[in-house]
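Two complexes come next, and they have one chain in common, subunit A, joined by subunit B in the first and subunit C in the second.
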Partner chain A sequence: MEPIIKIENVTKKFPEGEGEFVALKNINLEFQEGEFSGIVGPSGSGKTTLLNIIGSLDQPSSGNAWVMDKNVAELSHKESAQLRNLHLGFIFQVYNLLPVYTVFENVEFALLLQNKSKEERRKAVMQALEWVGLENIPNKKPSKLSGGEGQRVAIARAMVKEPKIVLADEPTANLDATNAHAIIQTMKKLNEELGTTFLFSTHDEKVMQYLNRIIHLKGGEVEKDEIITAQNPKS
Partner chain B sequence: MKLAFQLAYKNLVGAGLRSWLNVGILAFTFIVIIFFNAYLDGWNLQAQRESIKWEYGHGQLRHQDYDPLDPFSINEAHGKLNTPLSENLTAVLIQQASLYPEGRMVSILMKGIDSDQKILELPTEAFAKSDANIPALIGKRMASSNKLEVGDQLLLRWRDKNGTFDATEITIIEIFETDVTSVDAGQIWIPIERLWNMTGLKGEATYFIASEKYSHSPVDKWYYKSQAELLKQLQEIIEMKSASSSILYFLLLGIALLAIFDTQVLSIFRRQKEIGTYIALGMTRWQVVQLFTVEGSMYSILASIVGTIIGIPIFWYFSTYGIGMPDYVTQQDMGVTIAQRIYPAFTIGLIMGTIALVVLSATIVSFIPSRNIAKMDPVDALKGKVQ
Partner chain C sequence: MIQFILKGIVRDKNRSLLPIIIVALGVTLTVFLSGYLGGVFQDVIQQNARFETGHVKIMSKAYAQNKDQLPIDLALLETDKLKDELQAEYPNMRWVQRIKFGGLLDVPDDDGNSRSQGPAAVMAVSLLSENSQELDRLNIRNSIIKGTIPTKNGEVLISNDFADKLEIDIGDEITYVGGTMYGSMAFQNYTISGTVKFGNIGFDRGAVIMDISDAQQILNMENGATEILGFFNNEQYQSESAEDIVKNFNAQYEKSGDEFAPEMQSLEDQNGLGEILAYSNYMSQIIVTVLILAMSVVLWNTGLLGGLRRYKEYGIRLALGESKGSIYRKSIIEAILIGAIGSIIGTLFGLIATYYMQEVGLDISDLLNQSSMIMPSTIRAKIIPSQLYIGFIPGLVAMVLGNMLSGMGIYKRETAHLFKELEV
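Up next, the complex of A and B:
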């Protein structure tokens, strides 16, 4: 099967002072549809940089990143926006909810961009809120939410359009253990039910125990690519 | 675009006090601009109407030497029309003279006009009813500045066409009220036949006032000012007099726009993560630019709505009851017609035009900083690192 994400000799350099800093060195990776995998590594190892390239928010300095058969480096602003809008969901460490919108409206946002009808939107939003267990508080403002609730809204927002790929950059870093487990289990369930491909960046042990595959990154290089054979994670 | 409006509205309302401050300043500016322009239009309309009634008629056929702004040439600027006198023209002859109220000497213009004229509002029919030797009409400014009353008799001194001094008594038979100072201050109106006799200038005129039926064909030694030309001059004077005040409202608009600009710059800086999030959610940079621009122009749309709602009762009140002009403005000869009460003319066109001005300028002002969003790196924006 064609991989849904294919990273080919990707190098990313940032200008730094007079010279440049190499954040990713000649990375080669493939991800199949439906994977539940994570990139782990120490701070500064290039996890976020790699996710941003896959999310077409950033471009590789050299090499190619294919996401759903599209070469990220060759997309126009409009095409990459289209790719993100239709097929990519983002979950951030800080939830990045839009403060003036309610929970419902935050989740609805992506669908507004897709010009979905009001009824379609309402159905999909309520479904997504149900997935994350927030169907009871659609009208709350983000400032009134707990951290766990906030991140669940962010998951609902990423999932509402049923994207092919969800990119989650340290989604549990600001959560306590209970919430971290709850969140990751929610995502795991969605992965199994909808077949969505999840790619995490994390240093959280709690996250790692759920992953099917762990890619160890160090100094911008893949140190180890580890396939985890099915095992029941402890909760 | 519709989405941008919905989002912008939510963001604006969500931002609370700061938004309403901007809306408030802009709404105030909006009302001031409309009010000021309506006041000018009202002044202009009233001045035009009054000037037609009291001074211009439907145009003036003037002697080639007559320049209303030059007091030194006025005595010589007269002549006979070498075509048969049309019944559609009313002759006015102007001569300088001195009047002696209470022993003081006042230089004045005496204006002779046909008693039968129907073109101007001047109550010249009173001439016929009076048996005074020289009956005179004066305006209330002339009356108050020289403490004159109906029935007063006073000495008038003038030169005839040969330059010989002559003097006689005139009688004030009526004091008329007009907003048009240029037919009032420093002058008396007397029957033109008397003036012809007094000066020996039989049949001569300084200018003729045209009636509606008059149609002009060029006459040697005379020039014609149509009503439209005369009104245009009047309007120019009014606009010139008000130019300094219009600086005020441009200043106000400037301040309001600056407040929006400032809000935009700050809001783009503070909301980087939000901008990054929009892009991550699949908006193009230009959509985000559009969103922020619409947000800025939304201030002006809200301001127009708020301004109209607050403004309507104010506009209604003043257009009904008018604005009283202080006496020092209306009593003196300001060189321009100004009514005792000015009724501002609030028109749909004026309000729409002001809405357009305010919305357009606010949109431009919010677009300028928003444009930079297009250059933002979404990754930096998400980190909140854009400088």
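Up next, the complex of A and C:
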């Protein structure tokens, strides 16, 4: 099967003082549709940089990054926005909800960009809120939410358009153990039910135990690519 | 989507309040200043219109050419007929006859010898006729210092300062010494019924106001007048109508070689009032331009601050798949909405302030006591139609301009850079 994400000799350099800093060195990776995998590694190892490239928020300095048969390295601003809009969902360490809008409106926003009708939007939003167990508080403001609830809204927002790929950058870093487990379990369930491909970056042991595959990054290089077969997560 | 933006504006006070206040303030100022200027200039023009130029004025062609010398020998004759014709043809105006002439006033003592003397400018208007509007138009009732308005022929008003100079009082007799329109000498005694002060240096120095029939009699100018003035029924000058009437009227006499044929001039053709009107427009434009520039700079900066504050939001929207162009366009739409709200509020406040200054006015008579300027003693603003857009459009433009400038900076940033804000 064609991989849904294919990273080919990707190098990313950032200008630093006079010279440049190499954040990613010649990375080669492939992800199949439906994977539930994670990138782990110490701070500064390039996890976010790699996720940003896959998310077409950034472009590689050299090499190719194929996402849903589109080469991120060659996309225009507009095309990459289109790719994100239709196929990619993002979850961040901080939930990054728009503070002036309600839970419902935050989740709805992605659909507004797709010009969905009001009824379609309402259905999809309520469905997504149900997935994360927040169907009872659509009208709350983000400031009134607990950390766990906030991150659930972020998941609903990422999932509402039923994207092919969800990129989650340290989604549990700000959560306590109970909430972290709940969040991961929610995502795992969506992965199984909808077939959505999940790619995490994480330091979190609790996350790692749910993953099917762990890619170890160090100093911008893939140190180890570990496939984990059928394993029962311990709690 | 517009709904979504509107919600954002309404709920996020930081996003909307400051810019709305700035726009509203600038627009209020613009609207009020233009109403204020409009009022002041209009007062100057109105005074001139009432005392001098009318909204339109008809003189004989020859008189018009020498009008500074007040050449009564070149007066219009058969003016009653002409006035009736005018009234029939242009019913939206009121037509009045006036005579202006000069002469010497002599104050006799008990023995009939001259006690004091002075040159006088006489304005003869319809004072005694029952339905005369001139009393109101010249605001004579309120300008009387001592005595009363003449009630019969042979009574005149004299400017208060002039009376002081000649050391005469109401009830005293004065002798007019001058000539008729045919050049022979003329003497006539008049009784002073009252003294007046108009707050107008030209008039207050040495004027006599008498009824037009007295003037016609002494000047031998039966059924004549040096000028016929036309005033729009609502007493407001209307530039375009006036020009039309002037063109229309003058066309009838264009080919006439008769130097006594009537000629009409509009207010703008006389006394440099056209320039004053142009100047007041020019001043308004300068004020508007300066205020737009100032508002734009301030709004540019608030836009920048707002933009910085909203990097995070832009990052989220980018991640959700909104294009930079769309974010930029929506921030412009936001600016238009905010600009419109601010401009509406500003226009309203500006109009209210103007209305207050129109109805109540600012009394500066104490300031003017020592001054000899020809100015109304109460400054009044004036609500004018252009106030509806003169502030509104600049307010909107400034807001949008400010936002475009600040948005440009954000637009140029790398996506990844904006996105970095999300990690904090």
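Basically, the second predicted complex is superposed on the first by the 235 of 235 C-alpha atoms of A that agree within 3 Å, B and C clash if a C-alpha of one lies under 4 Å from a C-alpha of the other, contacts with A are read in each partner's own complex, and residues count from 1 in each chain.
One rule holds in what follows: a residue touches a chain if its C-beta (ideal position, glycine included) is under 8 Å from a C-beta of that chain, and two chains touch if they have at least 3 such contacts.
Only a predicted model underlies this, so the values are computations on that prediction, with no experimental measurement involved.
On the shared subunit subunit A, the superposed partners subunit B and subunit C overlap sterically.
By the touch criterion stated above, A:F109 is placed in contact with subunit B and with subunit C alike. When the shared chain is aligned, subunit B and subunit C each come close enough to touch A:D58. Residue contacts after overlaying the shared chain place A:R84 against subunit B and subunit C alike. By the touch criterion defined above, A:A128 reaches neither subunit B nor subunit C.
Contacts of A:L98 after superposition on the shared chain: both subunit B and subunit C are touched. By the document's definition of touching, neither partner reaches A:L50: not subunit B, not subunit C. Residues 52, 55, 57-58, 77-78, 81-86, 88, 90, 92, 94, 96, 98-101, 105, 109-110, 112-113, 157 of subunit A touch subunit B in one complex and subunit C in the other. Subunit C meets subunit A in the complex at residues 1, 4, 7-8, 11-12, 312-313, 315-326, 414-416, 419, 422-424. Interface of subunit B with subunit A (complex): residues 3, 6, 10-11, 13-15, 273-274, 276-277, 279-287, 377-379, 382.
Across the interface of their complex, subunit B is touched by residues 52, 55, 57-58, 77-78, 81-86, 88, 90, 92, 94, 96, 98-101, 105, 109-110, 112-113, 157 of subunit A. By the touch criterion stated above, subunit A contacts subunit C in their complex at residues 48, 52, 55, 57-58, 77-78, 80-86, 88, 90, 92-94, 96, 98-101, 105, 109-110, 112-113, 157, 169.
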